[in-house]
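For clarity, chains are labelled A, B and C in written order, and residue numbers in each chain start from 1.
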Amino acid sequence: MSVEALSRGNWLARGFGALGLGRANLNLRLGAAIIVGWALIAVFAPWIAPYDPITHNLADKLQGPSLLHPLGTDNFGRDILSRVIYGARIDLQMGVLGVLFPFLIGTTLGAIAGYAGGWVDILLMRILDVVLAFPFLVLMLAIIAILQPGLTSFYIALALVGWVSYARLVRAQVLVLKTSDFVTAARSLGFGRFRILFRHILPNCIAGSIVFSMSDVVLVVLAGSSISYLGLGVQPPTAEWGVMIAEGQNFITTAWWITTFPGLAIVLMAFGFSLLADGLAERFGLRQP
Amino acid sequence: MSAPLPLLQVRDLAVRFRAGGVGLPGFGARYVNAVNHVSLSIAPGETLGVVGESGCGKSTLGRAILNLVDAQGGEVRFEGDVVSSHDPSSIAKLRARAAMIFQDPYASLNPKLAIGEAIAEVLRVHRKTQPEKVAARVAELLYLVGLSPELAARKPHQLSGGQCQRVGIARALAIEPRLIIADECVAALDVSIQAQILNLLMELQRQMNLSLIFISHDLGVVRHLCRRVAVMYLGRIVELGPTEQVFAAPQHPYTRALLAAVPDIDPDRTLNPAQLRGEPPSPLDLPTGCPFHPRCPHAQEVCARGEAPMLRASGTRELACHFDLPLNSQQGEGP
Amino acid sequence: MSLLIVRNLSIAAGERLLVEEVDLDLAEGEVLGLVGESGSGKSITCRALMRLLPHDQLHIAGGSVTLKGRDLARLDEAEMRKVRGVEIGMIFQNPSSHLDPVMRIGDQIAESVRYHEGASTKEARGRAVELLRQVGIPDPVRRVSAYPHEFSGGMRQRAMIAVALACRPKLLIADEPTTALDVTVQAQVLRLLLDLRDRLGLAILLVTHNLGVVAQTCDSLTVMYAGRIMERGPKRDLLRAPAHPYTEALLKCQPGSAKPAAQLPAIPGQPPLAGAFPPGCRFHPRCPRVADICRRERPALSPAQGPRVAACHFTSALRAAS
């Protein structure tokens, strides 16, 4: 065992090294490990999960944790463990895609606003003010309600609402970097605007956004779960942690396991991303360790 | 002797920045007149020093020549062609033949980019070499500025200040420039490193017949490096001429005071009594008349009135003063 | 008799020695120049004299700092507080960041008078006006209630000098006091420092990299390189006929000392990073006279000529050559 563990440790170390995480701090390693763990669970769900997450089996309904059903069963007799495992697929996807689109849109618009200045900047910032004027969840719900409940609408709504944070973050940084010496140097060398913006300015201000996006994943997963809970996101019978909590709430006094374990899963994933955010912040030198 | 066609001609250049105020009429928009009516020219292979104290507009002048800040008036001609901010192709053409070296060697390099890549990028953008020969040319440029080509993979923070400044020079040379504008490029370096960089600049300039505009507050460096010198005060050139003449027998009262204030290394020369009282006024509200008159020991009534005196020819040099003060060569002896 | 005697002062970051065996002597009314390039240890040396080293990073590893017969290195923090500002004043390169931006200039001067001498508000204010007058600030009665941002760069440096001199210290440590100033203003501030020396009998330790400043103001010089003293002696001897190859090279590479447009005799290579010093003589990798012994043995400071000492194996050879 020891030899195996050692060689696996080496392999891990080399993997981290290849990612540039050679001297990675504890937060970063732990966070990455948790997220990689969830990703593996999501990918291999069909092989890991002991039962089918959808099929009803009323004979076994509302059973507490046992050897047969380690996390118990719900009111339709579905295995909670299997549903939590399958739920990782949806929730991880939600976290990643739900942040990716706002990240890309917000970063691009923020960078353009900051660099172009003038009326482009004024226009984009006024749109941003309008979006910010509404409470986040209310705006999300309104957009989803207009489109139609479902995961796709959720992503679209997030993209329309979530970009503002990134845009503000990046714009502020671009404004500072725009007048920095190395950007002036790049201009003096006859480089074009797009080259300067995307090759010289953005790489130097993206770190803050990446760190923010990690903590944003937490918010997005929670928002997704809340919206599913309200019945506007992922639809039953799909296994999703928010849906599971919503379904289990009627049994909270009699069958605590139905809501507790998906809740814990959300917490554990959020914890992983938070650690990752802290670790990255430290690594990028944005924060003192 | 027929004067060679100037490489660069600057006429009546003026740069203003808005400072404070909301910029609406009547709402207290105030302007800093950073550069006022500056005219100069530089021949191929010539070195021109631009000296002055902080806030005199020398750095802004350098940037305005390369159109890095907008000029509000005047004209810049490069190789005979007008460079205009309304004509992007004229700017592109200028920046393909004229490069700049900056004061802070670290800040002027992209911290995320390996230095070899920073140079390679210039070669690719300006299509100076075929793609497969870029790496070789980068190595050649690094070698030219006295750096080991092995350093190409390093990031700026892994180098010393002197090494970074050499990278800055290599990057400027990558465009194969005719003109280099060096803005305080040795001010941030230790004396021993400063001498190395100055030597490198002089050697490259001779080898490649570069024109050099050397902006500096260090009069000793300018005296060593430049054939001609322009002295600036509050956005204007007050004296312009052959370096040795200007330094040996300064005509403008400001030049005299400036030279007298430089502490000499000769231990037998005691500190001159401070010749100038006070400090330069804020460029936000320039005095009327000659901008130097409030501090000038020779100021007379006429100096406070009307417009600032224009640069006029006076022997081999140009001078912006109402008077021809008697030459005194108290700072006369050479280095 | 010397006011300040520093013997064998060493400063370390953890195990690494950054400054080794520094000796300084400063008499009343004397101006001592401490010269060196960045990383030579000149700035942390003067911080160590004030015991102002950042505690978690640097510490005094040995030696003594004797001011008027008392060893400052042995004082506890409370006693040291009575030395700072009272017996030693200090001014820095950048007055803007060393003056409190939200406190009136007069209050900053008065603060230490009241703190250390228990003077009344009125007395302290009177002293502040007097000090501002002494450092040549026009209209001191009005200026005493100005904020630092209302002052120009040179005026701020004067104000910082006034703050440093508030409790009439006998020793002023000036760390690159004119580096951030324009040359015409630099001349005014240097003039002021010399006037204060003449009028108050102030001893000044002037830390600078500018040999011109040193030549015009100091009585004696100490040249540091890579954390050690290379040469020490009266200014004139040292600048006229340097005994150490480093001093010599430093003088030669000044732009003013070569013919215009000629190549400057630069010192090859670069100064070692702090704490990663070469064995033997610290200057040997860049020295034109390097020999085998320089790589192996560290030269001790030894008498070179008259009151001058230099740390070079070939000091006597140099002298013979010149």
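One rule holds in what follows: a residue touches a chain if its C-beta (ideal position, glycine included) is under 8 Å from a C-beta of that chain, and two chains touch if they have at least 3 such contacts.
Computed from a predicted structure; not experimentally measured.
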Pair of chains joined by the greatest number of C-beta pairs in contact: B-C
Farthest chain relative to chain A (centres taken as mean CA coordinates): C
Cα-centroid distance, chain A relative to chain C, in whole angstrom: 55
Approximate Å spacing (C-alpha centroids) for the pair chain A, chain B: 51
Distance from the mean Cα position of chain C to that of chain B, given in whole angstrom: 32
Of all residues in chain C, the ones touching two or more other chains: none
Chain C to chain B touching residues, read off their complex: 37-38, 152-155, 182-188, 190-191, 194, 209-213, 215-217, 235-236, 239-240, 249-251, 253-261, 263-268, 270-271, 286
Contact footprint of chain B on chain A as seen in their complex: 180-182, 184-192, 195, 199-200, 203-204
Residue numbers on chain B that touch chain C, as the complex places them: 53-54, 160, 162-163, 190-196, 198-199, 202-203, 217-221, 223-225, 227, 243-244, 257-258, 260-277, 279-280, 335
Residues of chain B defined as touching chain A within the complex: 63, 66, 68, 91-92, 95-96, 99-100, 102-104, 107-113, 121-122, 125-126, 168, 171-172, 175
